[in-house]
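Two complexes come next, and they have one chain in common, chain A, joined by chain B in the first and chain C in the second.
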Partner chain A sequence: MTTELLSYSLIPLLSALAIPFLGRKNRKITEILANVTLLAGLANLAYMIFHPMNRNSGYAVFSFDGLTMSMLFTIYLVAICCVFFASVSGMVKSEKNSFYPLVMISVSAMSSMVLAKDFFTLYIFMEALAVTSFALIASEEGTLGIEGAIKYLLLTFPASALIIIGISLMLLAGGSLRFDIMSQSFSTAHFAALAFITLGFAIKAGLFPFHFWTPDAYQGAPAAVSAYLAGVVTKISGMYALVKICMAVRLFGENAHAISSSLLLAGVITLVFASIAALTQKDMKRMLAFSSISQMGYIAAGAATLNPIGILGAILHIFNHATFKTVLFLNSASIEKSVGTTDMRKMGGLEKNMPFTSWTSIIALFSTAGVPPLSGFWSKLLIIISLWITGFKFAAVVALIFSIVTLAYFMTMQKKVFFGKPKEELKEAKEASPSMLAPAVLMSLIIVFSGIFFPYVFDFLEKTL
Partner chain B sequence: MTSTFSMDWLFAAIIFFIGAYCMAVSRNLIKQLIGLEIISKAALIALISAGALSGNTNLAQALIITVILVEAVIVATGLALLVKAYKVNGAIDIKKLNNMRG
Partner chain C sequence: MTTNLIAVGLPLFSALLLLLISEKTKYLKELLSIGVLLTSLIAAGMGLILSMKGVQTSLNLEWLGSLSSFSLKADMLSSFLLAAVSMFSAAVSLYSFSMEKKGSSKWFYFNVLMTQALAAGAVLSDSLITMLFFWEGMLVFLYTFIALSADSKETKNTALKAFLINAVTDLLMIIGVLITGALAGSFNMSAISGSKLTLTGWATAGYVLMLIGAVAKAGAFPFHTWIPDAALNSSASFMSYVPAAIDKLLGIYFLARISLYLYQLDSFMQIVLMTLGAVTIIVAVMMAFVQQDYKRLLSYHAVSQTGYMILGIGTLNPIGIAGGLFHMINHATYKSCLFMTAGSVERQTGTNDIEKLGGLFWKMPVTAVCFIIAAAAISGIAPLNGFFSKELVYKGSLETGYVWFFFAAEIGSFLTLASFLKLGHSVFFGKLKPEFENVKESPFSVLFPMVIFSAICLAFGFGAYWPIKNLIEPSLAGIGIVSSHELAGFHPDYLFAFSLAVILLALGNHILGFNLAGKRAHKASDHIHHAPILSEIYDMAEKKFFDLYELSMKFMNYFSRLLFKSDRFFDKITDNMPSGFFGYTAEKISAAHSGSYSLYMSLSLIGALIYLFLAGGLK
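And now, the complex of A and B:
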């Protein structure tokens, strides 16, 4: 592991240990401590990223790359938004004091995954992350959360076994599990090992034939948790590792390209299938879950081109996906709080009552669909360009067409929920309180500004990757 | 040496298949968890075999102990979920878990 950045994974862990003891007398302290820990981490990271002295030297003083840095930033950003939303909305029942420690442990596990330099460390922290996710999904009373958590457990645990088999094949082939040493020699055993590991992480990421657990887990989870899961948790536990594997495979030459080609095929099928499935959904959270799966397809396809542009586009899309999907899920949580349901057939005309929620949703969905100049447009453009120049022209055209389908299903959602005549029983619906809106507005501002000032973002990542 | 290799991995593959079969055919959640355990035992056998063959026994031992630890945590969480499912649904039948469709 990268020891210079170890504090980003240790401090949330210490905070998770401290919260149950300090919060025994006063519940307010748990919320404050959780928020302060994450905010301090985020401020620290932002200072390191944007400080001119570090920028000018091209981050030469540190031994990590821009991928680690931007992923850490994404983790802390989404975590602070979800924790802040949970603490001000009062939708999390913190009587048992279990929510905040679990979130802290999962932030710690994700940071450690990002800092890992070999497959086994990656595996250990992926499992730690999975355990906290099961507990978070099932944290609410009721049958849906339990169902989501059990499906998540039963369908993703075989993936861990596949990853272990892959690791043992790698041990057999070269004796080293590090990302950088692994790529010096290449044999058939390496190929089989990478195939097993890729399959395992594809299940964890929810790519096409293995996506069954994803919508159930997101729909069953409590509101703030599903934003957190969809925003970072499943992206880091599956997609980050796939991007990392693609960066390693890139160095191997022609023999290993069968793995990346099949990953690309899975990605394209995922984005087609999940977009079509999203068109028919009745429940808002379930539609957002399918939309999230289809964005995973874009990321996998982009990373599997093995082109620097494609990998850059994939990383940017992980960041952008975290921002816009968090906004959409948090908005669905606000709606659930004021209307009492997430069924889209029972809504309509909420724009008059909830203008801020409506506008942040519009910004987020335009970014998802890739409308310029929002940030989602640029990352999708990079992915499609890299598909085109590496010769997968058909895949590029499919990706382009299905970004229009994305716009179609999101406009249907927006029309059903916010536009049209207000329904009689919804006249009383109230806009969420300003502090509940703050995370969504912050994320929307990030979407707009990172879209408009995209050349600077591109410059930052290109210099450091 | 090669004959041991093929025997080990054949054995691991058979155990993996038994676990997968157990998960595929049973409706009881406890049997599903047992299937998961059997699958992970196959993975452990693969790891032991790889460590012995590559002469890297120390590393393999360390890895195996860690994996056993992780497995125990996961199965404990699974059992906790099972107890909660029994409290909510009154049954541990996997067919009862179909409230979300689409």
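And now, the complex of A and C:
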């Protein structure tokens, strides 16, 4: 573990412990504490990243890399947005006081995963994250939440098994879990261990054909939880580790390329499959879930090129995906609150009533589809370029074409929900309150500005990776 | 050259000036235009006198770099044409002074002035590129002329038809000019004529393309179809100016230039030209014969007479060529006059339908006399100008040895006379209809140009010696054609007997038709119109079955529909098929997410196995 950043995982944990006691009398205190904890963490991170002294020195004063920093930033950003949204919208039933502690624990677990230096530590916190995720999905009352949660558990538990098998193999073969030591005596056992671990994280990340739990879980969970899960949790528990593995596989040279090529194949199939599946979804949250899966495909494909540009693209795409998917999920929650459903067939013409929701959705979906100059364009561009220059030209073309399909299904969604003639029964629909809109607007601003000032973002990551 | 340039520059600037004058001013526009065009006529006349004295002037300006210079040259032929063009412009501007049915007077005179300027430029041009510049400019004003002459949908359609026919043929002509210029190494006509091109290989293509441009301008078959339509939908002023005079002058002038000046034609092209001429004569006169509208009947004759000019030039011997050129100026004179009488009758009675007209001779005596003179001239009755030019054409075609063309021309003369007997009889003779009891003669400004033109018909007839000797022969000499025969003069030989026979036949035919139709003059053509076989052909022609433009429009319709269909087809391929495929696949995938644990688990398991095989190096 990186000890100098340990506070980012410990403070949320302490907060999680404190909330049930402090909030027993007053629910407000729970919300305030959770928000304050996360906001403080985010401010702290932002200070470290954006402080001119640090920037000018090329971040040389830190011993960690930009990946860690940006992932921590992403975690805190999405977490604060979702928690803030949940607290002002009142959509999460927090009578049992379970939501905020769970989010706090999962933030702590994710931060620890990001800070972990070896796979065993990473594995432990991943398991902790899985348990909290299960509980979060199940927090929706009714059968859908329970069903989603159980599917999540059943379909991802083999991943834990595979990862622990891989780790055991590694320890058996070399006695060490450090990649630099492993690469000096790379053996078949190492290879097998790596293959198992990769497979395990691929299942966690929900690549095809291990994605089946995702739509049900996202649809079943409360919208704020869906945003949180789709925005960061699955990315950190699966994709982050995969990117780490790909960075490590680079060390092993030709020997391990079969692993990364399989991952690339899985990534491309995922993005194709999930994009097509998203086309005809009737439920907004389900469509977003499929979109989320297909973006996982982009990230996996980008990381699996093993090219620095591809890995950079993958990291950026994790960040961008966190921003735009959070916006879309939070907007779907706002719509659900004002219309009472997420079924797109029952919507239409909400643009007039909910202009902010509509516009933030447009920004987010354009970013997802990779419309310049929004941030999603740059990360997709990096991924496609890296696919092309590493020789996977077919994959690059497919990735390009399916970003158009992405635009197609999102435009369909936008049209069905916001454009067209307002339906009679929706005439009374109201725009979400300003505080509910705040997270989406903030994220949209981040999308726009990180797109426009992309060179600085790129510079930061390139310097510190 | 400066005097000649007045005829080009002055109308051009006055046309622009005219646009500044308000529509509300009375007579200012008219008087300005008439003054300018009379000045142009005087200038052109002075230029012609200079040329007749043997002075050749030219103008050469740097233009378009090495491609071509802006060169004008007033040789005898050009000066002659310039004077003729200016004369018709001046006459029509005077004629239109009190004609109400000509559209907006401002735009009418604007068009006249622009046409005069551009036509004058075109006949003076020595460089083919310069000529194209003026020639194509006229195309624009042809369109605006027709389109602004009346405010109806048909007028716009006719304007478009005229524009499209001339635009397509002009495009072909441009290609022809480019080929010619490339082959000759120069676009300068005097330079090309130094070593004429012979019809081999690309040169044939170049000649034929320019030929199409020239005869289409002149309004020969099968490019004539807009003229009868314009007769119905535009004004008499326009008809007596552009299709009757300017287009004939320019088309035949250019035909003579390319056929005699730039190219050395062979006997095959001679047959082609003469056939084109003969077919034009016969087809158009057949149509003219059965028309029931004054101007429309005249318009078919305007086409038919073009055939004589092409036939004359196509003989390639000096007699025929002289006949063709002489016929050009004669035709312009009497056809302009005839259209003016049509306009005059229309102005006073309000109709041009010959069935409704009748017995106007004593009501409109000047118009009627002018009509009779011009009709006699067009029918080739001696000793009017049409007789002499036709005689030269007959002689020329007989000299080639192809007697058939001579007979075709004679049949044309027969039907021409027959149709004018019918026209004159039904308009000016017979019983006066009660509704025309109070009809008066047209005003002076309308009558004056008519009288002038019929005077020219008489003068060029009785004194045919003078124009042939002083205008036609020097013009031909200027482009290197000298006749060994005496061209001018009256020859009471077998051709004269032949023409008398034709006149008698036509008279007999008219009396026969008149009586067969129950003494109704306008039905005097019915015995031929409704003859077996001919009747069917006429029906088809009336339905525009032989109209190249309508045919190609129909084809274009099919073609565009085909394009539309193929567009739909490709649209299906690029649009419907992918979306259909994706839609179908997406439906199937959605259906596969049925929520069944066992399915999910087994798929995950299979996926994991495949992954492990692949990661293990399975190819």
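Here is the rule we go by: the second predicted complex is superposed on the first by the 461 of 465 C-alpha atoms of A that agree within 3 Å, B and C clash if a C-alpha of one lies under 4 Å from a C-alpha of the other, contacts with A are read in each partner's own complex, and residues count from 1 in each chain.
In this section, a contact is a pair of C-beta atoms (placed from the backbone, for glycine too) under 8 Å apart; a residue touches a chain by one contact, two chains touch by 3 or more.
Because the structure is predicted, anything quoted here is derived from the model rather than measured.
Asker: Classify the contacts of A:385 with the two partner chains as first (chain B alone), second (chain C alone), both, or neither.
Answerer: A:385 sits against neither chain B nor chain C.
Asker: Counting only touches as set out at the top, which of chain B and chain C does A:18 meet: first, second, both, neither?
Answerer: Neither partner.
Asker: Quick one: classify A:400 as touching chain B (first), chain C (second), both or neither.
Answerer: A:400: touches no partner chain.
Asker: Spot which of chain B and chain C makes contact with more residues of chain A, would you?
Answerer: If we count touched residues of chain A for both partners, the winner is B.
Asker: With both complexes overlaid on chain A, does A:371 touch chain B (first), chain C (second), both or neither?
Answerer: neither
Asker: Could you look at A:161 and tell me whether it touches chain B, chain C, both or neither (first, second, both, neither)?
Answerer: A:161: touches chain B, not chain C.
Asker: Mind working out whether A:276 is in touch with chain B, chain C, both or neither, as first, second, both or neither?
Answerer: Touch partner of A:276: chain C, not chain B.
Asker: Of the two partner chains, chain B (first) and chain C (second), which one does A:258 touch, if any: first, second, both, or neither?
Answerer: Second partner only, chain C.
Asker: Output check: A:29 vs chain B and chain C. Expected answer is one of first, second, both, neither. What do you get?
Answerer: neither
Asker: Applying the touch criterion given at the start, work out whether A:151 contacts chain B, chain C, both or neither, answering first, second, both or neither.
Answerer: In the superposition, A:151 contacts both chain B and chain C.
Asker: Using the superposition described at the top, list the residues of chain A that contact chain B and also contact chain C.
Answerer: 147, 151, 154, 158, 162, 215-216, 280-281
Asker: Chain B touches which residues of chain A in the complex?
Answerer: Checking each residue of chain A against chain B gives 120, 124, 127-128, 130-131, 134-135, 138, 142-144, 146-151, 153-154, 157-158, 160-162, 164-165, 167-169, 171-172, 175, 215-216, 219-220, 280-283, 286.
Asker: In their shared complex, at which residues does chain B touch chain A?
Answerer: 12, 16, 20, 23, 29, 32, 36, 39-40, 42-44, 46-47, 49-51, 53-54, 56, 59-60, 63, 66-67, 70, 73-74, 77-78, 81-82, 84-85, 88-89, 97-100, 102
Asker: Over in the complex, which chain C residues touch chain A? Could you list them?
Answerer: 582-583, 585-587, 589-590, 593, 595, 597, 600-601, 603-604, 606-608, 611-612, 614-617
Asker: Taking the complex as given, what residues does chain A use to touch chain C?
Answerer: Contact set of chain A toward chain C: 147, 151, 154-155, 158, 162, 195, 198-199, 202-203, 208-210, 212-213, 215-216, 258-259, 261-262, 265-266, 273, 276-281, 405.
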